[in-house]
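In what follows, structures are represented as structure tokens.
Shared chain: subunit A. Partners: subunit B in the first complex, subunit C in the second.
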Partner chain A sequence: MIILTKKAWIAWYFIIPAFLLHFMVVAVPSMLSLALSLTDWNGFGKINYIGFENFFELFDDRVFKKAVKHNIIWTFIFLTIPITVALACAYLLTGIKKGQLIYRLIFFFPYMLASIISCQIWKYMFHPLHGIGAWLSEKGYDFLVASPFTMKETSLYAVAWVDGWHFWGFLVVIYITGMYQVDNSLYEAADIEGATKWQKFRYITLPMIRPVFVFTLMIIIIWSVPTFDYIYILTQGGPAYSSEVLANHLYSQAFERFKVGYASAIGTLMFIYVIFIICIFGILQKLGWEI
Partner chain B sequence: MINFSIKNLKKLLFFIIFSFLFSQPIFAKTTITWWAEANADRDPVFVEKLQNVFNASQNEIELVMSFKEALNDVLRTAMVAGTGPDIVETPGPSYVKEYQEAGLLQSMERYSKQYGWQDLLLPWSYSAGVFDGEFFSAPKTYETMIMLYNKTLFEENGWSIPTNLTEYESLAKAIQSKGMHVFSYGSTGWQPTHEHIGGMYLNSYAGPDNVYKALIGEKKWSDPEFVGAVELLRKHMVDDGYWSGSLENYYALGWDDFHAQFANRGAAMMTIGTWTFQTTENVFKDISDDWDWAPFPNLTAEGGDPSYLLALGTTLSINGKSDNPDAAAKVMDFVFKNKAMVLDMANDFNFGEFVVPLKFTESDFGDNVNPKVKRYLLTFAEETGKGNYGYTTWTFWPSDPGVHIWKDMEVLWAGEITSQEFMEDHEKLWKKARKNNATLPVGKR
Partner chain C sequence: MIVAKYRKQELVVNYTILTFLALIALLPILLLFFNSIKPQEEFGVNALGFPKTIRFANFLDAWELGNYAQIFLNSFQLVIGTLIICLLFSGLAAFSLARLKPKGAMIFAIYLLVGISIPAQMFILPLFLLWKNLNLIDTHIGLIIIYSGLNAPFATFLIRSYMIQLPEELFDAARIDGANPFQLFAKIAVPLSWPVFLTAGLIVGLAVWNEFLFALTFMQDENSKPISTILFAFSTRFENNWGLVSASAVMMVAPVAILFMIFQRRFIAGLTSGGLKG
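Let's turn to the complex of A and B:
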């Protein structure tokens, strides 16, 4: 009894409610999903154990392979374009003395919009009858005549553009917060040495915000795995699966084709991948990386 | 201070017994719950003209209708958890099949016999609810695919409704030469619109007899008639841009867009289901043009009678866990034996919802029913009675091939596979569905 009332245990007592909640609504369903991946459950009736059959079937599923490829492309896009733009903007914003808050608000605004609103805005902008393309067409310029969301060559990139537009402001705020933590005397010393803006960014800012930077890399890689809403709203994975990603494929299998066991197998692979990424970052942390 | 005299105790005892007796279920009404898909316009009509009318008609049963957003998801969760409403509303036979196989529905065979439902409902719609030889689901709404056309525009140009493939393609050329699209339609927001057109072509080109044979396994979906049908659709959709001008535009247009395009002469015709009557009436209300409907033509070279595709919009069943299946059946019987109420409600929705497939005759319709809609209902009953009917994918296809026909159609349209390969994949999914006993009931033709 005395042990249980020790000061060291108090923190654990505070964690219990959150832990229980997490256990019930996240951990238990996740574990059930892992178990369901070994069954042929259709979401309604009897559950039959079928071993690893769903996983074998997945490797023959050409849409699954397409979805994996699209998730990789998606991750690559988000690890490059929004990060580069956000870093540049955050760095430039640190030099602005007046009205910085307004810029921050403008950049952050798309992040506050619900995904359905962002998607509708862009859908209307690219609409073939009353969007930018239609307007340009009236002026005699045949540009953006068809919506990029409806062409298989561009659909994935068009959706990534919209999601990136909504997401990059969030990165700006994170990076700018990190940049404000950098000791100003370092920049003063660099100024005395005659360093250029780029040199200050490359040799002072970037190394000093490395923990924040690596953190954003990690969340982008992890968040790119279950990406769903923008794709579902804008293209539903089409046309011709050209923007299909894993979460879309999972949804389609579970709720359109009633193959819950198969969908759980997709979910299991997504889960294993995320755990793998977390382990890599954990190892890097053990090796002394500031994450 | 309470006085515990014998007299007071007697009073107390009497009060307790009285309260007990009058709180017992034998004096209470049986409550029947019915969950329906939420719709701000429709819900009040259901409450006023169905729930309240039924409750006022008798003293034994209290019908409580609840309207749920994303009904399918909510219902499935509740049913699998062993709860849910007494009356189960699903979007079609493929859902009924899953619930029925899982033992989550009660057979309505005895109620059907007791109340004579088979004689009240159109035969094909009754057959669609018979699973493993027993009646499990009753139709709540039926529909078919039709071709709407701008009547004024057709009269101005001297165009007429085509009756064979040559006339169909000639008309399309004539319309396009006027700078208009042949059909207005699109898939944004509801990707399965592809199956609407796909089903029309399968039936109109390959013929409903062949579709029937393929449904019951006497023909392969990879046979030339079906490959020819999807190839013709691919040509008209991708190469000729019949729908909204191009495949990309077809993918980009939503419900409001294609209705507006049709009303403002952007397109001369529209392929759509009969659920659209209300919207079409609304968009043509303030313009001088008039619209009308025609069955989708027979797309063979020689032509022939067009067929009306059979489709169920929603179905009604009794929950396997319902404590009051008799009362639930009474509610359904009230609906099926109340033609006037059904027609009144359906008329409120301009026959886009609650079109229960009852055997209507001309005398059933009041003067307030739109003549175009009335003509449709009577023609549909007459023509399907003569055997001029086909099959929609969302009523007669099992879930996996049913999704394939619209989702993978895009792969064909993208040029990644041929029509032959597409239909061979389709046949494989059908074989699998047959092996897993996942096929849906198809009444004998």
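Let's turn to the complex of A and C:
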């Protein structure tokens, strides 16, 4: 009996190191965060339990509300533009033979770049003296004279452009992998019926890659929540909070003002939202969406 | 395979659109490279073109000014340290999930799946306070532990998906010879799974090399920072010295670009399989 138990346990010995590592780095601090969100702790003094006070305070926080709005805009941008371009691009790629691999590699390469590199590249591209704005202005087009990162109206969109430029090639590769798994006889049948390219895309390609498509929708929604690097590097949330997102707001509350409880409350809301999204997609899957 | 048959004119349209998109992806990166070998005085007159005089000394200057001998060593240490810990621990866990299949292994798999989706902002502050109490701030091992933990779910799933396909007969034969589970892991599973360890290593290594948020938070000592956050500071310090900043950026990209050329398929397959945020 003892030997049997021991044998069963051996399999768990293999799991324990990885589990402990992840538990210490992610699970323990996450649970601490849940607990701290109910306190007014500032990182040093006494810890007082204040119930849901932090959460109520958030609803009066002007910057928090802006950040939520910007996160929603951000999610919406990524759910539309990169997806559309990537779908079109992947579909066009399946139609060519020569040079297909080269195109794929070129589209994918920006996804390998660090956030700091993409930001550096586009800081220069949008620089008022050196970038494309100056070049266009010489040609008589004056719409990009100032850096879009420094203007209230455009800062958020300019940063989203940089992240999107880095990200969309990833979608292309995912979609094209899905498109290659579509049974070719479907297209042949459509050809006999005289279907147009658009009809084939709309009624064969799109339904057939739906699992992949839904998967990308989910990861875009989830990944849009903690978006941080690009905004922190390019605009620091400015000017005048015009590009502030939740992650930046949390970061400044946590590491500049040491409002531990308040920052934890923001983090907790982000976590709840992500779990909510995962549950929704889980339910859709149960209902037969076959993600 | 051909998804749709195209006529010649349609192919021209295809190639035109694809080339246009490829230029958007490629030209900015190419310009970064041009700028890295451009002398400072040319930025006023030739901002977007290939340099008229080539100045490789930008790299030497940046290397000196940025203390990059130390900084690249730091990044290198973080990558190697993370690879050792993360791949060893993930490999062990993956082996157990794939071959030993203990009762309740599903619970661990679900735990990892939830773990992968928790936004970093949820735990970064308590983790910082925890690391402060353990005196792990500003130490490489502290950051290596964090990176290993963060990447463990991805690496575990990737390695598991490979190990589960290994033929059971090999393990049976070794069991008859009296091998214990650890010997099965070290002598059979790992040697046969080297391709997936290579893929996982490339992806985790890339993630560590490029990582910004945790490096920013947990490494405040100038001499122990990795290249990602140093480049951020460097680009502020030498804001208008585009040659120096671009040369630094090219140095950070170079190892990634070289490895990408050699292992493109592994990078693409690995990155698109797990859904790891870059």
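One rule holds in what follows: the second predicted complex is superposed on the first by the 259 of 291 C-alpha atoms of A that agree within 3 Å, B and C clash if a C-alpha of one lies under 4 Å from a C-alpha of the other, contacts with A are read in each partner's own complex, and residues count from 1 in each chain.
Quick note on the criterion: a residue touches a chain if its C-beta (ideal position, glycine included) is under 8 Å from a C-beta of that chain, and two chains touch if they have at least 3 such contacts.
Because the structure is a prediction, the values reported are computed rather than measured.
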item	value
Combined model on subunit A where subunit B meets subunit C, clash or fit	clash
Which superposed partner A:47 touches (first subunit B, second subunit C, both, neither)	neither
Touching partner for A:206 - first (subunit B), second (subunit C), both, neither	neither
First, second, both or neither for A:129, with subunit B first and subunit C second	both
Which superposed partner A:240 touches (first subunit B, second subunit C, both, neither)	first
First, second, both or neither for A:24, with subunit B first and subunit C second	second
Partner chain(s) touched by A:81 [first = subunit B, second = subunit C, both, neither]	neither
Which partner reaches more residues of subunit A (counting touched residues only), subunit B or subunit C	C
First (subunit B), second (subunit C), both or neither touched by A:152	first
Contacts of A:214 with subunit B and subunit C, given as first, second, both or neither	neither
Region of subunit C that runs into subunit B when the structures are aligned on their shared chain, from 127-135, 181-189 or 199-207	127-135
Contact residues of subunit A, present in both the subunit B and the subunit C interface	43, 123, 129, 255
Subunit C-facing residues of subunit A, complex	8, 10-12, 14-15, 17-19, 21-22, 24-30, 32-33, 36, 43, 85, 88-89, 91-97, 99, 103-117, 120-125, 129-132, 134-135, 165-166, 169-170, 173-174, 177, 179-180, 182, 184, 187, 191, 197, 200, 205, 215, 219, 222-223, 225-226, 228-229, 232-233, 246-247, 250-251, 254-255, 260, 263-264, 266-268, 270-271, 274-275, 278
List of subunit B residues in touch with subunit A within their complex	73, 76, 79-80, 98-99, 101-104, 188, 191, 246-249, 251-253, 257, 261, 266, 399-400, 403, 407, 410-411, 413-414, 416
Subunit C residues touching subunit A - in the complex, by the definition given at the top	1-6, 10-11, 14-15, 17-18, 21-22, 24-26, 28-29, 31-32, 35, 43-44, 47-48, 85, 88-90, 92-93, 95-97, 100-103, 105, 108, 111-112, 114-115, 117-130, 145-146, 148-150, 152-153, 156, 180-181, 185, 206, 209-210, 212-213, 216-217, 228-229, 231-232, 235, 242, 245-246, 249, 252-253, 256-257, 260, 264, 267-268, 271-272, 275, 277-278
Touching residues (chain side subunit A, partner subunit B) in the complex	42-46, 123, 126-129, 146-147, 149-152, 236, 238-242, 252, 255-259
